[in-house]
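Shared between the two complexes below is subunit A, which pairs with subunit B and subunit C, respectively.
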Partner chain A sequence: MDLLAALLPHLVNGVSLGLLFALIALGFMLIVGVMEQINLAHGSLFALGAYAAFVVMAGQLPLPADLLAQWKQVPAGWRYVAALVAAPIVAGGAGMLLELCLRRTYGKDVLYGLLFTFGAALVIEELIRILFGTRDYVLPLPRGIGGGFVFLDLIYSTYRVYAGLFALGAIALLWLFLERTPYGAIIKAGAHDSEMVRALGINLTRLRLWVFAFGTALAGIAGVILAPIWGIRPHMGVDAVVPAFLVIVLGGIGSFWGAVAAGLMVGMVVGLSGAYASEWSLLSMYLLLIAVVTFRARGLLGKRSVLEV
Partner chain B sequence: MPKLNVSRRRLILSTGAVAAGATFFGPWKTLHVYGQGAKKPIKLGLTCDASGQYGASGQDDLRGIMLAVNEANAKGGVLGRRVEVVTVDTETTPATGSRVAERFITRDECGFLIGALHSGVANAITQVAAKYGTIYLNTNSSAPSEAGENCSRVKFVWDGNGANFAKAAVESAARSIGKNWMLLTNDYVWGHTTSAATKALAEKSGAKIIDNLLVPQNTRDFTSYLLKIQQAKPDVVAAAIGGDDIKALRQQVADLKLDRKPAWINNQQDWPDVWGAGINSLFGVFGTTWYHKLPLPGVEDFVRRWTAAWPDYQIAVPGNVSYNGYMATRELLRAIQRAGSTNNIAVIKQLEGHKMPAAERMQHFDAYIDPVTHQVQQTIYLAERNPAPKDDTDMFKILSWTKPDDAKDDAAPTKCKLVPYDKVPTYEL
Partner chain C sequence: MTGRTAPPADRDQARLFPPAMLAALVFFASVPLWIRGVGLYEYIGVEIMIWATYALAYNLTLGQTGLPSFGHGAYFGVGAYAFGLAQHGIAENLWLCLLVAVAAAALAGAAVAAFISHRRGIYFAFMTIAFGQVFWFVAVKWHSVTGGEDGLLKIRRLPVDLGVAAFDVSGNEAFYWLVFAAFALVATGLWRLVNSPFGRVLRAIKQNEARASFVGYDVWLYKFTAFTLSAGLSGFAGALFAQAQQSAFPDVMSLHWSGIVVMMVLVGGGLVSFWGPVVGVAVYFVSRDVIGAATTTWMLWFGLMFMALVLFQPEGIAGAWRHWLARARARLAAAGR
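Presenting the complex of A and B:
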């Protein structure tokens, strides 16, 4: 019983962390699924979302002084809502630009796309450095979701609970969108057989553009949610893109529920090892990947390859 | 969801290839202060991080170094020669530090290397510098090992280290706060050596270390560690967490209001790390070697010169990192002047044992370069969050200042073995 009581907070923490990992990976997974493109700039767009949220929340918008003063008087809760809207717009807009430039690599060796998105990641990070400097920033939060609360005699972060629930909501909404709307059906069809989608008269070029925008917008939202936990700094994208890549490979490339399950597994492993074998906490996710891929090369829920016997 | 046309193996291999390429080819940047006149300039290679865990601090270090260089050039240079610098981002990565140092020495013909935050990077640069006999000033890496087992005849260590700060803080905390201690240790050489020093001192003072949580570098979420600390209920947590990791930890501790209980003893808090997170995230007692509001002669003038040099810089005032960069560079240039030559052995001899008056260093006590370990022995300050700041920059309340010899790392001389002069390759550029 004592062991369970000691373990429970870390299990809760693991689930919450896992949901956040899944949130980071979802946009990445969507783009890989439909575009067959590993977007190495995903982390940079995640960072862009965090910076956009900071600009909105801290009132650093390029507005006349009187308007800016008025904006700063707006309650923090409303500014936070505005940040949640602005960040995906900025990240999604940047993602659209990226996709327009990326088109020349379609149909060519996958390395071209990888190199292009890697270059884009460096450019975005450097632009952030030029605009905001190398220092880090703290995203101000509305009072209601900051601070802590006592549960089982321990202080928990209110924001971590909020972030976990937000991630859960985002995952559910994305699933509903993909499964219950005609747009989701088109996206899934595009991922399954893009030539057939084109033959049915659907504009594949536009579909790819919007999927890329949607995926990168999700990266922007993840940036807003993770910013108060990780802090905002130019290279924060690297912190996101590595686990995102790991989660989609672990879950099975292109699998929605695979990504969610993998995110939860990674969160649980990182959370528990952080408490009981702390020096292994970051390494544990890579060990998990090795363990899973060794016995199941296509990941948890990935489709079987025709080459597999 | 979909079936891919690209094989997974190829996808992963390609991604790996891109990542490996990215690691190897860093963004090279050079900054030249071109020499004028007939005499060959004295060239310094500045190994400052611009990215990675200590990117912000590396750029702060660079500004202190450049101020000293610019001031020397404004006075006519050193030995009648202008001082020229070249700088490249060492990316808070030992492999990059090593590569940059090699390039500075062999290709750019730098006679002196300056700069470091990360002890792994500093150690990597030291290995290269020792191979060529190039004098290297480790400005800001504060691992005790830098002046201990990793010391070098060619390296001079300018920052106070983890053992110095532990000596200044641990004994009184063990006496006045409580005996149950927990350590929170960044899992690399600085964290380990700092926590080892803290542990030894705490146990000597009668405290018991109930756990040591190792924190991997680049940890951003400390929730599991904070839960573990709450479950263990220690009287004191001694943290040796640095760079971006301490920024994240500070934010999360402040958010949960865990900054009052247990008592926190943090090691040195670098000014660029504090500046980003703001005053409200400061917690516990922590160390520093310098503060811009020390009530000492020369401080205001230095702050004025620094801010005039960097009016648009994101950090409004100099802190310990920029201060160390400035002092190290100024003393190196003075040593060259005193030696009357850039001969490395002559300059090393000028630096070894060199005494620096408190008034010149803007600290409370005279400092000196320990000839046995090559570490600058200096005043060690303990501070806490300032409850009554005079302005936005006034974040520290200085609690105490410890004399250099009272904070000296007693273990370092037994670990540091400097090679004889005749084993050091000589040069004069």
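Presenting the complex of A and C:
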């Protein structure tokens, strides 16, 4: 019982991290599902979201000095809300630009899309280095969600709990959007058979553009939420995209709940192993992956995917 | 050749030493004569030879078999570490250490290939990335063996002992001859392999995997073998790289560097030409030095160039060259008539 209690904070951190991984992975999977493209720049857009949030929060906007001074007077809570709005817009906008270029590769080998977005990832990371330098930034937070609290004699980080709840809410909203709205129905249909969707008179080109924007906007939001946990630095994109990859392969490509379950598993494994051997905690998720794909080649809930042909 | 002659398009492919190979070997053999004259230095030649060996080995999976491996840095890195560890732990013998490096990388490749050889397309790419990350992560964290981020240091350039005579290759110019010989060996070997019946099956798998298996080939085994061979030869290049740098670092195993080798292969035109990867590697290193001398943000410009290339000239430099050649030939034929 004592052991369990001692592990509880790690478990909470793990669940919170896992939900965030799932959120990043779901944005990634929307794009994989609808346009059969691996967006290697997903992590860079995640980083872009984090930097956008920092710029808004810290008031480093390219505005006249007096306006900027007024902006800094705005309560931190409102500035944080503004950051939460700005980050997905920046990331989604960059994603749209990428998709406009990526169009030329549709219908060719998937490798070209992969390589194009790899080039884009290099360029975005380098742009971040040029604009912000290589130093780490800390995202200032409103007072309400910082610090820690005590529950049953154990200290928890308030922010981790907040981040987990936020990710949970975002995943629930995403599920409602996909399952309960006509737009969601079109996206799912597009992932199933894009030719048929076109035949039904839906503008496939526009659908792909918006799905790409939407998926990358999710990465941008995740960037804001993870920024205080990981710190803001140019390399953070790779730290995010790799677990997202694992979550998707683990959960099974194209499976919503597979990604959520795999995200939670990865988060918990990382969190719990972090309690004992923090150096090696990230390795545990790779071992988990190998263990799962050995026995279930298509991941936990994966079905035969259109991508395998 | 008497009797039946091969169709004209295939004649080059079947030759033991095609003109492109002779030209490449003569060109690279002459590098030490003029490299300082054009303002470069021997070490860039060493880098180009090693990475060209690596890129050719990598292209056995991507260009020849159509398997998009995106984590090949792992095998390059395993080779580098294995070379260093064998040198420190077993014996300071070049041949033995190289053998250990190739065996270790091939073993790592075989282990991964056993998991993924029934896959293709995006799923294959996904899995190679995931496994590549495993190797990279272990290299970063296993401090007592690999030295972690600090790297495995004090790897010596071992003398080339040919039995009758031993050559010291610790200088860059002497070392260039070693890597040149390694490149020539791997290039010739791979050329023979690609044009053997085995290589034909690989190309059939690239074009249509289902059809190749219907014809009766054990596609899984061919993919497994190609991946393992490619990993082993990548490890060979890695062992040379460890000697060139006189140390081994986990960087080359990261997703970033695994992606860059794909980039080099594609820029050169590895998808359509056997020699494309060599061209791509040379372009990468020379432009790194030339653009890098002018601006510190060279990765930005190289990345943008690469993005444009993927969109507008996806067959790379070799593809562009072929188009140009075909058009020139057509023009000549039209003028002659």
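Just so we're on the same page, the second predicted complex is superposed on the first by the 300 of 309 C-alpha atoms of A that agree within 3 Å, B and C clash if a C-alpha of one lies under 4 Å from a C-alpha of the other, contacts with A are read in each partner's own complex, and residues count from 1 in each chain.
Note that a residue touches a chain if its C-beta (ideal position, glycine included) is under 8 Å from a C-beta of that chain, and two chains touch if they have at least 3 such contacts.
Here the structure is a predicted model, which is why all the values come from computation and not from measurement.
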| Overlay on subunit A: subunit C relative to subunit B, clash or fit | clash
| Where does A:L122 make contact in the superposed view: on subunit B (first), on subunit C (second), on both, or on neither? | both
| field | Touching partner for A:A25 - first (subunit B), second (subunit C), both, neither | value | neither
| message | Between subunit B and subunit C, whom does A:G274 touch in the aligned arrangement: first, second, both, or neither? | response | first
| remark: Counting residues of subunit A touched by each of subunit B and subunit C, the higher count belongs to B
| Is A:E36 in contact with subunit B, with subunit C, with both, or with neither (first, second, both, neither)? | both
| message | For A:L84 in the superposed arrangement: first (subunit B), second (subunit C), both or neither? | response | neither
| message | Let me test your reading of the model: by the given contact rule, A:I171 touches which partner, first (subunit B), second (subunit C), both or neither? | response | neither
| query | Of the two partner chains, subunit B (first) and subunit C (second), which one does A:A217 touch, if any: first, second, both, or neither? | reply | neither
| task | Check the residue A:L246 against both partner chains and state whether it touches subunit B (first), subunit C (second), both, or neither. | result | second
| query | Now for A:T134: first (subunit B), second (subunit C), both, or neither, which partner does it touch? | reply | first
| request: Pick out the stretch of subunit C that clashes with subunit B after the overlay, from 117-125, 207-215 or 225-233. | output: 117-125
| request: State which residues of subunit A lie in both footprints, the one left by subunit B and the one left by subunit C. | output: 32, 36, 38, 40, 110-111, 114-115, 118, 122, 126, 245, 249, 253, 279, 282-283, 297, 305, 307
| Tell me, which parts of subunit A touch subunit B in their complex? | 6, 9-10, 13, 16-17, 32-34, 36, 38, 40, 110-111, 114-115, 118, 122, 126, 133-138, 146-148, 154-157, 159-160, 178, 188, 191-192, 228-231, 233-235, 239, 245, 249, 253-256, 270-272, 274-275, 278-279, 281-283, 297-298, 302-303, 305, 307
| task | In the complex, go through subunit A and note every residue touching subunit C. | result | 32, 36, 38, 40, 101, 104-105, 108, 110-112, 114-116, 118-120, 122-123, 126-127, 129-130, 238, 242, 245-246, 248-249, 253, 279-280, 282-283, 286, 289-290, 293-294, 297, 305, 307-309
| note | Per the touch rule, the subunit B residues reaching subunit A in their complex are 1-8, 10-12, 14-15, 17-18, 22, 27, 50-52, 55-56, 59, 187, 213-216, 218-221, 223-228, 230-231, 244, 247-248, 251-252, 255-258, 272, 275-278, 281, 314-315
| message | With touch defined as at the start, can you tell me which subunit C residues reach subunit A in the complex? | response | 62, 68, 70, 115, 118-123, 125-127, 129-131, 133-134, 137-138, 141, 254-256, 259, 262-263, 266, 297, 299-300, 302-304, 306-307, 310-312, 314
